[in-house]
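Note that chain A is present in both complexes that follow, paired respectively with chain B and with chain C.
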Partner chain A sequence: MTEPLVRFHEVKKRYGSAFAVKSLDLDIQRGEFVALMGPSGCGKTTTLRMLAGLEQPTSGTITINGKVMNDVPAHQRDTPLVWQSLALFPFLSVVENVEFGLRMRGIDTADRRERALKWLDRMGLAGFEARRIDQLSGGQRQRVALARSLVTEPEMLLLDEPLSALDAHLVIRMQGVLTKLQRELGITFVYVTHSQSEAFAMADRVVIMGQGEIEQIGNPREIFRAPKTRFVAEFVGRNNILAGPVSGGVMTTAQGPVPVATADGPAQIVVAADTVSLSRDRPAQGPAIQAAFLSEEFAGTVIICYLEAADGTEFKAQVTEAQLSALQPEPGQPFWLTWDASRVHVMKA
Partner chain B sequence: MTERTSVYRIFWRLPLILWQGAFFVVPVAFLAVMTFWLVKNYRMEPDFILTNWEKTLGRGVFWDAYWLTLWRAALAAVIATAIAFPAAYTLAFRMSERTRRFALFCLIVPFFTSFLVRAYAWQVILAEGGPVNAVLGSIGLGPYVMLNSGFGAMVGYLTLVLPLVVIFQTWGLSAIDRNLIEAAWNLGATPLRTLVRVILPAARTGIFVGAIFAFILTFGDFVSPFYLGGSKPPTLSILIIDTTKSGQQWPRAAVVSMMMILTLFLTSAAALRIAYRGRG
Partner chain C sequence: MKAGDILGRVYLGALFCFVFAPIAASFVFSFNSDRFPTLPLGHFTTDWYVRAFSRPELWQAIGNSIAVAAMTALLSTFIGFATAYTDFRYGFRFKPAYLALALLPPTMPLVILGLAMLAWLSQLGLSGTRVGIVIAHTVLATPFAMAICRLRLSQMDPTLEAAAWNLGAGQWTAMRYVILPFCAPAIVSALCLTAAVSFDEFIVAWFVSGLNRTVPVMILEILQGNVDPQINAIGTVVFLTSMSLVIAAQFLIFRRRHHD
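Let's look at the complex of A and B:
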């Protein structure tokens, strides 16, 4: 295996007595699109900021290109970051913003102007160079921020929730712009987000973080279909989790016995909402549990039904509009949930 | 609906309009009219003569005082801006919110005592046998004459304006988006270049407004040049006192005042233009 571009080795970050990052070991390869994903406060932004040198790790080492970076100040690193707020300089014109990094590197005026204009052109902003930042739309600002970060031709680009301030339709468009750019440039993108759809749509590899630790690393499909921990199963997708001791292929859950194809002992299974179907009568065969209907949520082409089992556990089932109108559910009404036992994912308890 | 809104609008603006009208526009208009009046046997008579303007602006004394006042005000504004900046920078970027609030309160405390009292205090401190000369004397320096000089006046000016300038600059610096500063480092700017290229431009409005206030207050100040500057050579404020005292020349003093108002109006307008240039 080739040497990774970035290596976090036992990196810890503590603020006072609270750990923002508990112990992080992570390799990032050249040319990879990595998404760091997790709920707020999970340490994903701190991790990114440590990579940029804006925070110092309390202990552990961060290596870039085989060189330990712990004591290298931010301005001597080549790790441009795109901020959520974009952090464009309001007192500079568009082209002056893009030129900033080149100017700080002592590139002469004519050369840096040419390179900045080339990047503006590439970002579809030709003719906007003399504008002020407040004369641009949100999407245009986004592209100026990208041009400003990429003009120095870095080996990697760091992005901290760059799309979270944009309108939904722009987010989809910018996702396309970002993945295309990353492929064309062949550089590493490290992308921090709390949005599953952004991470799964763009990243080659997704790192799920929870409370300062890595919960799972994998490609979007693995994470979605085979979550390793309960945290990941609850954080990504719409999953139902059943837990209990297994004996002779039957799991004794708080909601009743459920057939499971796994060895004896304690276990957890993940049943994705899109594999669950609802019925009024108990299905003739297969696993089934009973739960009372709570509410429904329209999620575009499908509907998510929320149900509650007798022990208070919430279940989710994804149905189509036609199925919903056939069921005519009323709040409090009992339903049977069933699923294809071969499609469940078994987690260690 | 629009009718009601406009009634409300006038209602809320009324106090300001009345106040500004009664205590600013009318007096200034009166002052302007007075510049054309005649003084006869130590009494003013309404008239329309240009003599006051000709006599005042035709004298070298006026122009000497004018340039001196302008120079001192500009110098005080520059010095105050330079001295205040490190303090404001520390308050804005190095202090907790609590400490910053406490420090800003402390900067207001000097205004609890009359500026005259503070000027008298400086008279004692800067006197030939005062504490400053005593300390300097102990290391073999001085004694220096600090009172009744341009230096003494400058000490007074800075006492007057420095707290205000620090407050304005702190506001200006605190309002800077921290991400801009981090973005500058992230793009390869050293701390010094970050200061020059990002922090100063981003805080420009606060810095300019502070300097304008320093200039305005210094330009019209009478206490510093009189009690600490020895009133010679005279500034415009001292010239006004002298003119009214000698022969009740109120109209000529009004000419000096009109010139001061005009100068402040033009310089502040120009400085504010620079301060807000390129801002929405």
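Let's look at the complex of A and C:
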């Protein structure tokens, strides 16, 4: 295995007595699209800022290309960042924004202008070079920000929730632009987001962070179908989690006994909402849990039903519109939840 | 609601009359041929201007005022910007105290400030010199410059500076290529306003100016001798100068804010 482009080794970041990052070990390979995902305050942005040199780790080392970067100031690193706010310079024209990085590197005027124009052209912004930033649409600004970061031809690009300010339809388009760019350039993208759809749509590898620690690293499919921890199962997707001791293939949960194909001892299982079906009568076989209907949520082509078991645990079931109209659920009405026991994912307790 | 609206407008009108009537009167009588400000008016004349501006000591005072205002503007804008930037960029333990101290001078009674300045500048051997007046005026004007720069910095996305570092600019380069261009309208505005503060200022200047009289100090001296419409002429010129500076300052602040 070749040397990774970036290595975080036991990196900790503390603000006063609070840990933003508790202990981070992470390798990022050349040409990889990595997403750091987690809820706000999980340390993902701090991790990115440490990589860019905008924050110093309290302890541990960050290595880029085999060189320890801890004491290298931000402006001497080649780690351009696309900011959540984009941070375009309002007093400069579009092309002056794009060539800023080259100007700081002392590239002469004619050369940097040519390279900046080439990038604007590539981003579909030819003819916009003399505009002011406030004369551009959100999507155009986004592309100016990308051009500004890529004009120096870096080995990696850092992105901090760059799509969070865009309209939904633009987000999908920009996701396409970003993945295509990354493939074409063959450089490393490190993408911070709290959005599961963005991370799963683009990344080769997703790093799930929670409270300053890595919870799981894997490709989107692994993380979605085989969450390692309860945190990941709850954060990713619409999952139901059941826990309890298993004995003889039956798990004793707070909602009643459930057949599980795992060894004896304490366990947790993840039942994805899209594998759950609802019925009024107790199903003849298979696992079954009773819960009262709470509400429904339209999620495009499917509907998510929320139910509450007798002990207060919330369950989610994904149904189609036809199934919902057949069930005619009323709030408070009891239903039976069942699922295919073979499609359950077992986690360590 | 409607009635209150009208009442509000009337009140505003009255307020403007109250503030501007004396200035307007001074303006009108500066062109009036009569020796004393009485109605009905005499005929139109620019005689008082000609007489006032043929006094060599007035030109000397104007020279003093302009030199002092220019130096004060540069110095207080520099200090004001630096103070505002420190506040913008750094968090530190005694920041509220630091800010309170920076904003303190306008709350001091001018007589006390003037007297204190006189005592202190005499100790330094600077009382009665232009440098002494510049020091005193800089103390007075800096908080205004700081307030304007702070307002502008508060409109800045704090990530702009970090973005500049990220793109290869060191601290000073980022200051030069990002912070200063962003603050340029505020800086020019602060220069105008602090120049106006100095150009107008009378009390402190009266204490510390000695023989290097500025225009407002000279006006008082003429006034002490006799009531002369030359005062109106000089006053009108001073008023127009200050107003131009203040309006320029306001224009720069508001035009920019509108754009952003």
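Criterion: the second predicted complex is superposed on the first by the 349 of 349 C-alpha atoms of A that agree within 3 Å, B and C clash if a C-alpha of one lies under 4 Å from a C-alpha of the other, contacts with A are read in each partner's own complex, and residues count from 1 in each chain.
Here is the rule we use: a residue touches a chain if its C-beta (ideal position, glycine included) is under 8 Å from a C-beta of that chain, and two chains touch if they have at least 3 such contacts.
Bear in mind the structure is a predicted one, so any value in this text is a computation, not a measurement.
Chain B and chain C, once both complexes are superposed via chain A, clash. Looking at the shared chain after the overlay, A:Glu330 reaches neither chain B nor chain C. Of the two partner chains, chain B and chain C are each touched by A:Ala87.
Of the two partner chains, chain B and chain C are each touched by A:Asp134. Applying the stated contact rule after C-alpha superposition, one finds that A:Arg105 touches each of chain B and chain C.
With both structures placed on the common chain, the touch criterion links A:Ala74 to chain B and to chain C. Overlap of the chain B and chain C interfaces on chain A: residues 52-54, 73-76, 79-81, 83, 85, 87, 89-92, 100-101, 104-105, 134, 148-149, 152. On the chain B side of its complex with chain A, the touching residues are 177, 179-180, 182-191, 193-194, 197-198, 201-202, 204, 278, 280.
Those residues of chain A that touch chain C in the complex are listed here as 52-54, 73-76, 79-81, 83-85, 87, 89-92, 100-101, 103-105, 134, 148-149, 152. In the complex of the two chains, the chain A residues touching chain B come out as 52-54, 73-76, 79-81, 83, 85, 87-92, 100-101, 104-105, 132, 134, 148-149, 152. Those residues of chain C whose C-beta lies close enough to touch chain A in the complex are 157, 159-160, 162-170, 173-174, 177-178, 181-182, 184, 259-260.
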